[in-house]
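Labels run A, B and C following the written order; every chain starts at residue 1.
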Amino acid sequence: MTSTVVENKSIKLRLFTSCFIALWLLVAAFPFFWTFWGSFKVELDFFSKENWMNAITGIRTLREHGTAFTIEGYEGAWVQEEFWKAVINTALVCLFVVCTSLTIGTLGAYALSRSGFRYAFWLLIIALVFRAMPPITLVAGYLLPFFEWGLWGKLSTTIVVLVAINQPFTLWMLHSFFQKIPKDLDESAMVDGCTHFQAFRYVILPVMWPGVITTGLFSFLLAYNDFAVTAMLLSKENQTMVPKIAGFLGTTQTEGNVMFAVAAVVSATAPLFVLVMFFQRQIVSGLTAGAVKG
Amino acid sequence: MNRVLKATLIAAGLMSNSMVAYAACGISGGKVNIIGNEFPAIQTIGAAAVACAGDGVEVTTNLTKEHKELQVPGLSGDPAEYTVAIVANSSIVPLMNEGLIRPLDDLIAKHGGNFNDNQKISIGGQTMAIGFMANAQHMVYRKDILEQAGIEPPKTYEEVLAAAAMIKEKGLMKYPFGAAFAAGWGIAQEFNNMFLGMGGDFFKEGSAMPNINNEKGVAALNMMKSLTEHMNPDFLTLNNNEINAEWKAGNVAIMQMWGSRAGPLLAGEDSAPGVADNTVLAYPLTVGGGDIPATTLWWDGFTIAQNISDEDAEASYLAMVNAIDPSIMNDEVATQAVWMIEGYEPTPASAGVFATIAAGAKPYPMIPYESLLHTALGAELPDFFSGNESAEKTLSDVEAAYETAAKEKGFL
Amino acid sequence: MLLFIFLPIVSVVMQSMHIDHEQVFVEVENCDFFGCKKATMVDADATAELKKEQPLGRFVGLSNYINRAHLATSEVADAWRNKDSLGDFYDRVYNLPLYRAIIFTLVYTFTVTPLLIILGFLIAIAVNSLHQRLKGLVIFFSLLPMIVTPLVGSLILFWMIDSRGIIGHSLQMLFDDPDLSLKASTSLTWITLMVYGVWHSAPFAFVIFYAGLQTLPQDTLESAMIDGASRWERIRYVVIPHLTPLVTFVALIQLMDNFRVFEPIVGFNASAHATSLSSIIYTDLGGESQLLSSASTTSVLTILGVIILLSPVLYRTWRDWERKV
């Protein structure tokens, strides 16, 4: 009797969970699919002022191109506007930002979480205060010295600034993850004859892997999506994707090429798909590694 | 008509300095680095300047939307990162305030250049910039809709109100009027236009004290409010991009638009059927019985940095003079802007801007504190339009906000 | 770190206590295509001379903080003296730029933060119970609100919520009101911004909680199950305590980020109906003449606001720290 009741409940619960997930996915992903679909239309269909159904049927696209789908936006962005250059720059910026912030972040957060000193706490607080500063003010202040020292416009400067902006976040996040790992774990490793570093490398890091990967993902997204810093600190030839896309949108006095921007955004999301798939597997592998040790 | 107008403009300034010609831009050496906005006309200029590179001459450009934020720090260093800034009559002001650009008279005397005298922008008797294109906001209307409604194209904003009411009454359109009333820069600019049309002066004679909280300011706001009754109710969020899209979709019959943005509407590649053929780039409107058009004139030109070596300055000057040479003109380039260089044949797309010049519109003021007032207007005016405040209260808020800013910048 | 953390804060604080030099004007004649006219210009040489004497500008102490653009002490005092009623006082204060921004910012922060934490937690629990194969896909799609560049994301959403766009139009049908427009009214704009805020940030909370769930000690969970704990009890007594440091962290970061809300206001052209602390900084820096001192002052006030806002969370962290010591 009781077992059937439990099962009943879990079926209901499962149904509820599935519905909830389905609803969430709809809300989360719908605008993206809408954009993906629309990126193959002409502007007046996708942003139709007559009827939103045009974005689905593509009346004007049909009239202009003879078919309901056009790759004009993609062609414009990639071939005419050389979007691939921005992609390479973004890849470089993201790679270096993620590696640097994770290295400093894991070592720093580990040290802070294992340190009993009060100054460690205050260090974390100062990092936090710095993060509270609106980035636009920060960038406005950086401009003049960077121009004077000839550092402006370079990818490396931008990477350093992004790392600095991102570091407080990485420190705090990894710190919260480290806190959950019991101290006895590294102590027991050290009893086994490991040095402090070895304990960190072979015992703590594997357990921490999901946290590190998640933090890395956020650092990546920050560098990837940043507009305030990259738009102001990079010269044209070093431009990353987001300012490049912003450039497609036009200004007060000139018409932009909105469909180039839409196509560029859709194509910029594709590598992220691969990345997230990879990241998901890492989380799971981290889980097993931790379980073996635990 | 246009041709005559253009001819007079050119004749006013035709000079002998168009004689000198150089091979490979005549630059012996140096570094040229150009910052400017990124629209197609400026891209053309930038590309033409880059063509001067070679043999010890380095020419680079940074044409970006962020030019306004970058130009002051970018020209501040010694030596400055940028040797050339391409500016408009609003964005030359901060460079002048900081003394970051040099007078061009010596360079003009030494090297000449293939441009007209009226392209020289002179400030206090010194040539500080050389202009190459013009722009203005003016009325655009739909011939067919006005005919169906049985009305003549309006000449004043009062007639626009009547025309819009008629179009609505006949059921032709729901929201027949369009203008970029988006909060911020856009709505402030529309107020500037209307206020100038009413015959207002932004500042008290010879000082930085604001002078907008008076009957002219109130009249300007009330006229704008009446216009909003014929506009899409989301007007406070609609900028030029959206208004233009409404036009293309055939939802608007009369609008106030930049010449540079209205021009492409005539090509009509992506407009609803019948819209492009009936689009007319007309002339500026007047308001309140005044004869000054309710709009402002704008120019774009180049300036040369102060904090650079004379060699770089010469190279920069030569490269830029070469870039605005009449020889750059071809069919494609001609459609990119309303050029002020010789050899440019006015097209239907530039009719509105030339009509605006002919009507005697005022240029957007090149006053050091104008942009502070513009910002204050953009932040405070929406309160009036969302119906929270009286016109007088809003204008006094604008003045208070402006005065706070002007004190900070040392103008008051 | 010192260079990038300490110096900017010091320079912003310094800047907020200075204003520009008095500008020396000259009357000149300006000529362009359109003719000549008399105008005032700044005498750059004379002003540069002043600048050399005091490179930072004129020191004004805290007066930037109390002027109309910021705390507006005298205006607030005036409003209090001349008020007809408390509502009238509120209206007068709401008319001042900083207070208007603070009110929106606070309402936004305190609505969006708890909602997104709850939503993120629910998604994390639900996704964690999914079949292994589905997880990767679901995670990716859940992350989409966060990873699509806000710049273009808001452009597309801005269009979708238009009264003729798919969402705006559907809402009109739903409420049977053909004049319903999300962009034209202040309260609807606020709601739209907040819904966007939750939508955009929930994936952040979700991913962190999800990662936290992966380190959940299985043996504790199993022993709880053996003890006959129900699903709800397991979540209440095992999962939530385990995630507490992460909840603190998410709350900390999201309170801070929401307090600096900026992108949706610009993306949705919503500044007529809603301004935030960051958006008024943006306005200050956006004109041709940048108001650096004013922007710095607002930044310092933002930092102070964040510190006040986070003090309970920080106090908690401090207590944990002391216990550890």
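Here is the rule we go by: a contact is a pair of C-beta atoms (placed from the backbone, for glycine too) under 8 Å apart; a residue touches a chain by one contact, two chains touch by 3 or more.
Note that this is a predicted model, so its numbers are computed, not measured.
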The chain pair with the larger count of contacting C-beta pairs, comparing A-C against B-C, is A-C
The chain whose mean C-alpha position lies nearest the overall protein Cα centroid is chain C
When centres are defined as mean Cα positions, the distance from subunit A to subunit B in whole Å is 38
Whole-angstrom distance, CA centroid of subunit A to CA centroid of subunit C, is 19
Subunit B and subunit C have mean C-alpha positions lying a whole-number Å distance apart equal to 33
In subunit B, the residues touching two or more other chains are 69, 185, 239
Listed in rising order, subunit C residues that touch 2 or more other chains are 285, 290
Where subunit A touches two or more other chains at once, the residues are 47-50, 140, 246, 249, 258
Contacts from subunit C onto subunit B in the complex sit at residues 19-23, 25-34, 36-37, 39-42, 44-45, 47-48, 57-58, 64, 67-69, 95, 97, 158, 162-163, 179, 181, 183-184, 186, 268-273, 275, 280, 283-291, 293-294
Listed in rising order, the residues of subunit A that touch subunit C in the complex are 13-14, 17, 20-21, 24-25, 27-29, 31-32, 34-35, 38, 47-52, 55, 116, 118, 121, 124-134, 136-138, 140-142, 160-161, 164, 167-169, 172-173, 176-177, 179-180, 207, 210-211, 213-214, 217-218, 221, 224-225, 227, 241-242, 245-246, 249, 258, 261-262, 265, 268-269, 272-273, 276-277, 280-281, 283-284, 286-287, 290-291, 294
Interface with subunit A, subunit C side, in the complex: residues 1, 4-5, 8-9, 11-12, 15, 122-123, 126-127, 129-130, 132, 135-136, 138-153, 155-157, 159-160, 164-166, 169, 199, 203-204, 207-208, 210-212, 214-215, 217-219, 231, 242, 245-246, 248-249, 252-253, 256, 259-260, 262, 277-278, 281-282, 285, 290, 292, 295-296, 298-299, 302-303, 306-307, 310, 314, 317-318, 320-321, 324-325
So, in the complex, the side of subunit B touching subunit A is made of residues 37-40, 61-66, 69-70, 73-74, 76-78, 80-81, 135, 180, 185-186, 239-241, 244-246, 248-251, 258, 260-261, 264, 269-272, 298
Touching subunit B in the complex, subunit A uses residues 42-44, 47-50, 60, 64, 140, 143-144, 146-148, 150, 152-153, 231-232, 235-236, 243, 246-247, 249-256, 258
